[in-house]
Structures are given as C-alpha cells and as structure tokens.
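Mind having a look at this structure? Questions to follow.
Chain lettering (A, B, C and D) follows the sequence in which the chains are written, and residue indices restart at 1 in each chain.
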Amino acid sequence: MLMKMAVVGLGYWGPNIVRNFSDSEQVESVLCFDSDPQRMEKTARKLPRTRSAKSFEDVLASDVHGVAIVTPTSHHYALARKALEAGKHVLVEKPLAMTSEECASLIAIAQDRKLILMVDHTFVYTGAVRKMKEIVSQGDIGDLYYFDSVRVNLGLLQHDVNVLWDLAPHDLSIMSYLLDQKPTAVSAVGISHYNHQEDIAYMTVHFGERLLAHIHVNWLAPVKVRRILIGGSKKMIVYDDTESIEKVRVYDSGVQMVSREGIYRTLVEYRTGDMSAPKLDNTEALSLVVADFINAIRTGIPPVSDGLSGLEVVRILEASQLSIKNQGALVNLTDGTIESPYEHVTKNRT
Amino acid sequence: MLMKMAVVGLGYWGPNIVRNFSDSEQVESVLCFDSDPQRMEKTARKLPRTRSAKSFEDVLASDVHGVAIVTPTSHHYALARKALEAGKHVLVEKPLAMTSEECASLIAIAQDRKLILMVDHTFVYTGAVRKMKEIVSQGDIGDLYYFDSVRVNLGLLQHDVNVLWDLAPHDLSIMSYLLDQKPTAVSAVGISHYNHQEDIAYMTVHFGERLLAHIHVNWLAPVKVRRILIGGSKKMIVYDDTESIEKVRVYDSGVQMVSREGIYRTLVEYRTGDMSAPKLDNTEALSLVVADFINAIRTGIPPVSDGLSGLEVVRILEASQLSIKNQGALVNLTDGTIESPYEHVTKNRT
Amino acid sequence: MLMKMAVVGLGYWGPNIVRNFSDSEQVESVLCFDSDPQRMEKTARKLPRTRSAKSFEDVLASDVHGVAIVTPTSHHYALARKALEAGKHVLVEKPLAMTSEECASLIAIAQDRKLILMVDHTFVYTGAVRKMKEIVSQGDIGDLYYFDSVRVNLGLLQHDVNVLWDLAPHDLSIMSYLLDQKPTAVSAVGISHYNHQEDIAYMTVHFGERLLAHIHVNWLAPVKVRRILIGGSKKMIVYDDTESIEKVRVYDSGVQMVSREGIYRTLVEYRTGDMSAPKLDNTEALSLVVADFINAIRTGIPPVSDGLSGLEVVRILEASQLSIKNQGALVNLTDGTIESPYEHVTKNRT
Amino acid sequence: MLMKMAVVGLGYWGPNIVRNFSDSEQVESVLCFDSDPQRMEKTARKLPRTRSAKSFEDVLASDVHGVAIVTPTSHHYALARKALEAGKHVLVEKPLAMTSEECASLIAIAQDRKLILMVDHTFVYTGAVRKMKEIVSQGDIGDLYYFDSVRVNLGLLQHDVNVLWDLAPHDLSIMSYLLDQKPTAVSAVGISHYNHQEDIAYMTVHFGERLLAHIHVNWLAPVKVRRILIGGSKKMIVYDDTESIEKVRVYDSGVQMVSREGIYRTLVEYRTGDMSAPKLDNTEALSLVVADFINAIRTGIPPVSDGLSGLEVVRILEASQLSIKNQGALVNLTDGTIESPYEHVTKNRT
C-alpha cells in the first residue's frame, strides 16, 4: 500500500520534505498546506503529485497517513497535538516543541493512540554521523574525553527562537546519538544584538568528571563553520560538514602516559599517527528520515529520532535557556534546578 | 652603545629569544643560563656570540643590561624579582606570573627602580594582529559584537600550569590589545584527564550587554586550529593563523535592520559583500618584541606589552581559575568576587 | 505567450535542463524523450508539467518551440539538424558536434531558417565567470600573460568521446569568453588506459608571443580540482570552482621592472598586495542558459553561447585531437595544418 | 674524525647548507665564501663555527674535505670541476650543471679521483617523498598511469636560467626517484614576459604507452601551488607540499572494468574508497642531504642523489629546452634528436 502524506509549512525546510516524500516510491501523494498561498503554488509548480489543502483542518480531515509539521517552532506543539488527535502519524521539524512538558505531552498522546511521533533530527541520518556512530560504538576511540561543536554562519535570524533553539538541536541530537551517556548538567551564555533573541551562544554540557561537551552557535559569523571534534583516549575524530568529501577524519593520535628510564615521575606525551578518512554513504539524509518515518508507520518499530530523542534535546535547550537567564549558572539536568554552590566560597580569593 | 643581554631558561621558547637577541644589530652578546648544561651547550653550538653562565647568580652579577626569563611559569616571579632587584631590565615569558599580586609586585619594583618590565606577548607584535588593530581602531568594523578564539592542538602538557594558563595568554593579550574596553566578569569550565591539570578549557569574558568574548583552548585536539572571529556591526574579521598567507580576512558582511513596504515590523536581514585579505607585514614577531624591549630600555618609552598588560592577562586567568573551581560561576573582575545571583531565582523553572 | 519546450536525452545532464525549463515562468510544458522509458518515467515522477514523447519524430512533429539535444556527442549533429529542419530552435549540449564541419553546417541551416542555434556552455553563465569577464574587460588585470586551467576528478569515462571532448569544452568556452584574442595554434598530448579513449590530456593553446593558455583534463584523478589561474601584468585571478563561496580571488600581485640606484641593469621584482574576493551572483547558471535561449527565441538577439562559440570550441578540440595523433605537433588553427618547422633544426643539439 | 666543510655561495640557499653543516655533530667547521663580503659577514654573525675565506682559491687550498657549490647555475660546472680537481668531495646545488656534457664530465672526474659528487635534490630526502617511494615500491598503487606536478608561485626571476631550470629539477628528481622507468622522450612549451627567460613552462615526459608525466612550473602565479598527483591502477596519491601536515594522501580509488549482467560489452566504472594520510617523518630534508654527503665521504657508498641522478635531470631539462625552441617538438631522450613524424601526415586533416 502506498502512503499518503501531508506537509504543513512550506518555508525554508518544508519543500525539502515535500520533495523527499514526492520522490519516495512508497508515497502516493503529498498534501501541502501553508498559510501563504504563493508558497503552495510555488511548491506545486516545482514538484509533481502534490496537492494543496485549503486549511490545516482540511489536512486533518483528509485521508493522509502522516503529517510533517514544518512551521516555526512555537506552533509545533499545537499542530502536532491536533494531528495526533486526528489519528495521524507525526513528523515534527526540530526542535520538537518549546518546552519539555510539551514534548512529554506529545509523547504520551502518541503512545496512547499507538501513533508514530518522530522528530526530524536530519543530521543523525547523514552518512558522516552514521559512520562516526559505528566508530564510537566499536570502541575505536577509547574513552570519550570531549565533544566540541562549532556551528556558525551568517544566518537568518528567527523571530520565535534564539540561535540556541535554532541551531543547537543539530549538535545536541548528534551528541546524544554518538555518546552513550546521559548529561548531568548544563550551562550557557548568550548575547543578543537584534530582536531580543540571543544571536550568539555557548553551551557546556557536563557528563561527569571525564567528559565535557561544548557547543558554539552563532548567527553573526562571516564564514560558515560546521565542525565537531571528538576526543578519545585512543583516537580522535574531526567532522567537518563543510567539506564536500572526506567530512570525517579519524586521527590515530592521542596522549599517553610514559615512564622513561632514569625519570622517576610519569610523563605525559602526545603521539601522532596516521589519519584516515573513511568512505561515507552519500544518500541524502532527509530521504532516510522520510524512509524511517514510513518504516515506523508500517512496522511500529520506533524511528531512530523518536519523540524521546526530541524530548532529550528540548530538555537540554530548556536548561540552557535557564542558565543564560541566570548568567551562566550550572543547571542540573536531573531535577532542573540551578546549582548554587557559591555560598560557601570565600569571596576574597587570594 | 651595543646591549648585553641574558636569557634564563633554554627550553622550547628560550632559544628563539637567544636567536633574536643574537640576530639583533643592537646586541653585542647574549649570556645564557639553564640548569641543564646540555641545553646551554646546544644553544652555544647553534648560535654565535652567546656565552654560558654558571648560575643564575652569575647572570645577576654580570654586566648585562637586560634579562629574559623564559622558565616554567611558577619560577617567573622569583627570578624576575631578583633580576629587577639586581638592577636589570626584565622581559618575562607569558604569563607574567602565577598571581595578579605577583604581577603587581613586579610592576611596583620596576617602577621604583625605573626599570623596564615587559611581558612577551608575542602575538601582539605579529603583522596579522597589528593589521587588525589598525582596522578596528579606524572603526571599520563598527560596534564590536564578539571576539571568539579557538586555539587547540595536540600539545605538550605542562606540569606547572593548565591549558588555560599555557595557551589563553595569547588570546587574552590579543583581545586586550584589539578591544578598547575593559572586561567586567569572566567564567570558565575545564576538564582534566592527566596530571590533575585541565587539558581542555572554555572561557567566557563579559564586556557588558553588547560584547562577549569566548576562548577555547585544548591540548588534546588532533588538529591545529588557531582561529579568531571578530564580529562587528559593519564588518567581520576572520584571523586564521594556520594559513601561510592571507591570515586576516575582512568580510564586508553583516546584519541590518530593514523596513519593507507593506510590512509594519522591522526585519533583520543579513548582507554579504566582498571579502578582502590585506597584505601583512611578515617580520618575525619575536624580533619586534626584542626591538621593543631594547627601545624601551634606551628611551624609557613603555613597550606595547608592558607589565600592566601582563597583569591584565593574569587577572583574567586568575578569575577564570576561580570560576573553574566553582563550576563555572561568574567571577566579577572589578573586585574578584564570585557573583551569586542565583539565590533569588525560583528553582522550579517552569 | 508561454513557450513549449522539448528535451531529448535524459541521462546525467538532461534532467537538469528539464528542471530549469519546468521551473521557468516562461515555459508552459516540457516534452521529454529518451530511448530508455525508465528515464522518462523517473523524470516525469520528479518534475511536474512534463510529458513523455514516444519517439524523436514525435518531438519533431509536436508544437514545441525549442528542442534541447542532450544526448551523447556523436548524436548531436544528426538530431540537431533534424530539429532545425523541422523548424525548431535548438539548444545543444556541449560540445556542439563532432567536427567543425558539422558545426558550420548547423550554423548555416539555422541562419537560413532564421532559427536560434545555441550551445550549452553553462560555465559562461556562472556568476564567477561573468564577474571575471567584468574584471578582464575593464582592463584591471593589465596585459594577459596566461590562462591555466585544471579540471580533473574521478570521472565517468565516456564511450564516444575522450576526456578532452568531455571536459575541455568548459575550459575552452570560458577561455574564449574571457580572452578577447583569437588563438593561433594548438598542441596536445593524451594517454589512454581503458577503452582506447584518452583519459588524461594536456592541451596548449597559443595566442602569439605573450599569451599562452593551457588546459589539463583528467578522468583518473582521486581529487576534484577545478581551478583556473589567469595572470596579467597588473593583477592575477584564481578561480576555484570547488570553493562554496569566494570562488574568484583577485590578487593585486605581479612582477615589475625596477631600476635601483647604483645598479645599472634593470631588475625584475615581484610585488604582492591585497587579495579580494568579490561577491558573486549565485543564480543557477543553467537557469540563465535557459533564459538566454528563450530570450533569443523571442527577440532574435543571439545568445551569449551561440553556434559560433560552439564552432570555436570544436575547432580547437579538433586541432588538439590531430595534435595528439601526431605526438603533440603544433597545429595551426588558421588553416588546420600541422606545423613542421623541425626540418631545418640541427638534430645534434649540443 | 670530524669533517671540515666549505660552502661557496651565500645567496638564498647557501646559508641553509651552512646551517645544516654547522648543526651537524659530524662537522667541525664550515668555511664560507661569497664574492659579496656582506653576505659572509651576515652568515658569520648568525652561525657559529664558520670561517670566511678570502677567495675561492683559498677554499681549494684549505684542508676542507668537502665543498658545497651553491652559486648561480651557470657557475656550477667550473667551480665543481676545480673543487674536484683540488681533491675535494663536492655537493652541488641543483641543477648539477648547464648541460649534460658538463654533468658527464664532472661524473668522470669524480670517478677518476674516487671523490663523491652529489647533487642537492633536497625533495628526495623529505619525509613525504620517502613515504611515497615506500608506497610505490611496495606496489600498493598498482601500474603507474601518470605523474602530474604543479609548482607555481610568484617567484624571484633568475637571470641565468629560466623557470624550467629553476623549478623543474625538484619535480624531475622526485619523478626519477619514484618511478622505476626511464623516460623516452620529452616535449615542452614556455613563454617569456621579462628578461628573455621563460617564466611559465609546461613539460611532458613520455614513458611509453601507458605512463605520462607532466610538469607545470610558473614564476608568475599569485598563489603557491606545490601539488603532485600520482595515478595508479589500484590507488592514487596526492602530495600537497603546502599542507603543514598530511602532505601525502593515499586514495583507495580507481577505475575498474566491470561486466554487468545483460550488458555484452565491458564497462568502465570508477570506485572510491577510504583515504589515508600516513604519518611522515619531519626531519629537515637538508639535514639528511648533509648526512648522506658525509656518509658517502666516509664510506664510499654513493648518496641517493648522486652525479648520475643530477645528469638524468639535466638531460631532460636540456631536451625540454630544445623542444621549447622548436615549438614543442617531441625530443627523443635516447639520442637527443627531435622527432619529425609530421612529414608523412596529410596536412588536410578532414
């Protein structure tokens, strides 16, 4: 049986989802809706087998199996909820919603109704990230030391979310997918120059004594940087998404403890070895997102980026936002409280 | 009159200072001392007009005009103090000392005795940084929005200082030189995997509402990154020190507020224009450090990187260290206290 | 009046032309034909407003205004000729035909029937090449010294043409467009490892005493290089098409004659100055090809890459091929003869 | 026994040889001579254990074991000859001499007198080239298909040699070292804009039916390119000497013949696999040149870049020069004659 799909929201990203639905051999037709009729017209002009809906209610009333919600973030929750309540499987653009409570609510509704709730964490489906998952899972890089991501460019400033909510979901979803550990606390700082939304932000995610993650997102950078460094005790990875090929480079380099004859203390030395860039699968990630969504609908097997991974990302974003408002205070991810360990510190540090 | 110079400490950096003294036409001879005789022999072998001293006391007792202290950081204060007290002008490797009190003490002694106290903030003397100073001073980049520096590589782990004290002085001295503003507060996080010294650290320097600086230093990175992004309201700069030429690129790009017909709210749009890479002076920076030291001795005109700039860098490092020990708490740079604004925050953030 | 277009050949490039026709607001419908029905089906699946023809004869018999011929090169002439004879305007994929005689014949037919004959020299329509044309035309780079192009990658080996005929039309069309001079002679060497078609070739194009062009094309290179260097007496250009932005860099560098006091002979010195990367128009080049074709049909104004520019490229390719077969002998482009100046050279060179 | 060495010529490269002699633990002293006393003074100022000679005759009359000739090329032969005749071992800057006859003469004299004659083909001693030699020798890249080298930059125009004689010795010496085959013929073109010396040149070296080498050298390029591509039937190498690390990249990519079900003819397909960048030895190449020279003097074992390899390079340069003067005619390397196969070609190519 071929699937009928709908896409709500035809801004920047929506048409890409329409195209991937349209290209899929498992999809019969794509119903499109946007409050701007010109966008619907333009989409229909470019992509075959699409139909335009008159309203969101029309989409809900239609016979589509699944609905992709690709609107501004502030509308995700309301639209996704309505779609689930109308019995539709739902794919939501990242981030899943504006609060972790909204996410939890969507997850609960989907579970109740045995519907698929998926979030479009596209990067998790790229050949590069899948290859890194393989490398990390096999233990090739040893103990994880750090995850450092820089995602900056001259970007379109969003009106309903700041740069953290706009860009960091990519980094957080990659981080969660690659690291088999739960973060314990988060802190963040940000600054705003236009619109009262932070346009530059730095986030630190703590995983205990030995592993630290850090994310730098910036809408005001003159160059595009998309680089993730992953350090381990045995190997290290550089993932540069701006490279056309060789996006992932694995360095047989590291630091090691050595004892030298005649020296009584242990020395730390660094070691550099070969570098290799594994061949990557070039399949368009979004086509795999769409395929995973369709497979989940057909089989009930949860997609890789399911509602829970959407919640995990929003939980960290939410804590980061709280930290930004409190001058970078550490926010505990277990209970959502701000750490306040500073009271028993002698203020005069000397 | 030709100068007589001494260099104390012939590890990684010391021989470079010996070489620049030796190459200078204003220097007659270079007296060298290191507790390791092999290092003295090797230096004497490679560089002419150098002599070896038997002890640090010999250096102090000699007729040299100036002494460069290029030892591990923990010895800077004691040695620089003795040299000043022996009436020598002093050039100290960065960071100037281990605490701001030590720095202040050295500054006071030098002032008392009318001696030059200089810190070797080499980067400030590079063609790249001098060109950026010119661009920023002329107002070409408009209001400053951010200063973001990444300085990572697989590095030699130091025993007496962590990665922040080892690498961040470069970034902080460049920052102080370029930005005509005083930082108000700092926060930092770091993590340690060997030796109980942080090998990865992130530092945020606050300058008020509109300007944020951030520094990422890392000894465990498989690739060398040396990149500073400077964002302004009119132009933006990328300074990539790993490029052999075109280290500084100026982007005529930015974000602007626009009003469009028929739209009642103001929109934020980005704008990209030409990029240009100004020609840079390639003179070895350290030769200019040495020349500035000699000039200061001769004329009494303070060098660009004088004791005060050394103090400024140490003051920020010190506050960062306090912040790291307090889980990233914001440390006020005016009075050295930790901010504790968290008490009046409702812990339940929802 | 909206245009009706046809595209014959739906291999690698054909669907891009279909898409651009389909996206054009001046095109009503696109009739597609390929001898492989699966390709037609796939195109129809992906692009709206396309129809499939049953045969090439059907295309000719239809009411389309223009036909794009996007088949293997060996079929260009026969198909383009038939299309012109059927009264259709014709856009032919590069190279225009297999021989200059074929090109001349197509040009003559088109002229006779007052039809547009255009060749798809896509690169000439890119923002990068148009910007370079602007720079060269304004005289900014001074006298032209050389044009050096490298176009290599691991490529699909063609069956009916060698690497020269496959790749060099790009370089030759850019060269002809930018350089306001006629080449006088050409030589080339090539080597073949599979299929008896050269897979690596080097071509030198002579323009007299002071200007030399050279093209390196290679199907067996592990990396993709797309770089053109243009040297002038005042400035120099590097055009790197693999860059995502800043494809064109203009260097205020060069060589100059200087006289120095006390030195009686003139010295040659080099001079390096600033580099700038002008902002480029990012419009998809093929959409401008299509627009120029449509405009030519409507107005009769010849397109930038008309039949004559197609002939010029083929004339050079043809001479190169003759040169390859004669061990790199210089082939005169005026009369198509091989130069044989070697008879009066003393063979013993010492 | 420690060696006494002399260096004649202290222009751009000479001081580097002085420094490497001076740094060597096997060298006792370095006698320097240049007709310009300022150069001698500057060298003596910078490097210890050097002495200045009053004349070249003084050098010959001294007790030095070996003499390095680092003068303009046109003086190599006369000076090297005199040094050999005075019983000195000789290291000559590349190219060995101006003609192959001169090279042969030097080789003969050295053999007669049982002296070492070495040419400074520095690149052959780099970690990068030695690693490539290892890879090629082990057969990892399969049958060799091509060797393509680009060596361009804005360079100092030489007065006594053209760009080919200045730069191509690097490429030719690397080529000869890596490829275990003798070239059969060569052709070249060049063009001159200043000084009547070619400042841009292209050279093609033939090795039979299946292997082609090509070298592009240019003094008028705005950017520095130092890239060698080596293609084989199994793997391919990219050697980019402008990279600070990862200069050598090995691509597990290539072209293969495949037969597909239902298709009667064989197809050629390309295949891309992993890339790896082997760790390279970073020892300064020139220190290994010096060590090989000293070792040869001590043991009589010929250095890697001996007189014969110097002759081989000059033989190809000489033939190239003849080709340039004859409009790119193919010059046979066996007997030094120009091929003239063009007489029996029908001039009308159609």
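Rule of thumb we're sticking to: contacts are C-beta pairs under 8 Å (C-beta built on N, C-alpha and C of every residue); 3 or more make two chains touch, one makes a residue touch a chain.
In this text, all values refer to a predicted model and were calculated from it rather than measured experimentally.
> Tell me which of A-D and C-D has more C-beta pairs in contact.
Higher C-beta contact count between the two pairs: C-D.
> Can you name the chain that lies farthest from subunit C, using the mean of each chain's Cα atoms as its centre?
With centres defined by C-alpha atoms, farthest from subunit C sits B.
> Averaged over CA atoms, how far is the centre of subunit C from the centre of subunit D? Could you give it in whole Å?
The computed centroid separation for subunit C versus subunit D comes out at 36 Å.
> Report the inter-chain centroid distance for subunit A and subunit C in whole angstrom, where each centroid is the mean of the CA atoms.
42
> When the centre of a chain is set as the mean of its C-alpha atoms, what distance in Å lies between subunit A and subunit D?
52
> Of all residues in subunit C, which are in touch with two or more distinct other chains?
Subunit C, residues with two or more chain partners: 272, 275.
> Note which residues of subunit C are touching subunit B in the complex, please.
Within the complex, subunit C touches subunit B at residues 246, 272-279.
> Which part of subunit A faces subunit C closely enough to touch in the complex?
22-23, 44-49, 224, 242, 244-245
> Applying the document's contact rule, which stretches of subunit B touch subunit A when the two form their complex?
99, 101, 145-146, 148, 150, 152, 154-157, 187, 189, 191, 193-195, 199-200, 202, 204, 209-212, 214, 216, 218-223, 229, 231, 233, 236-238, 249, 251, 253-255, 257, 268, 270, 272, 275, 318-319, 322, 326-330, 336-343, 345, 347-350
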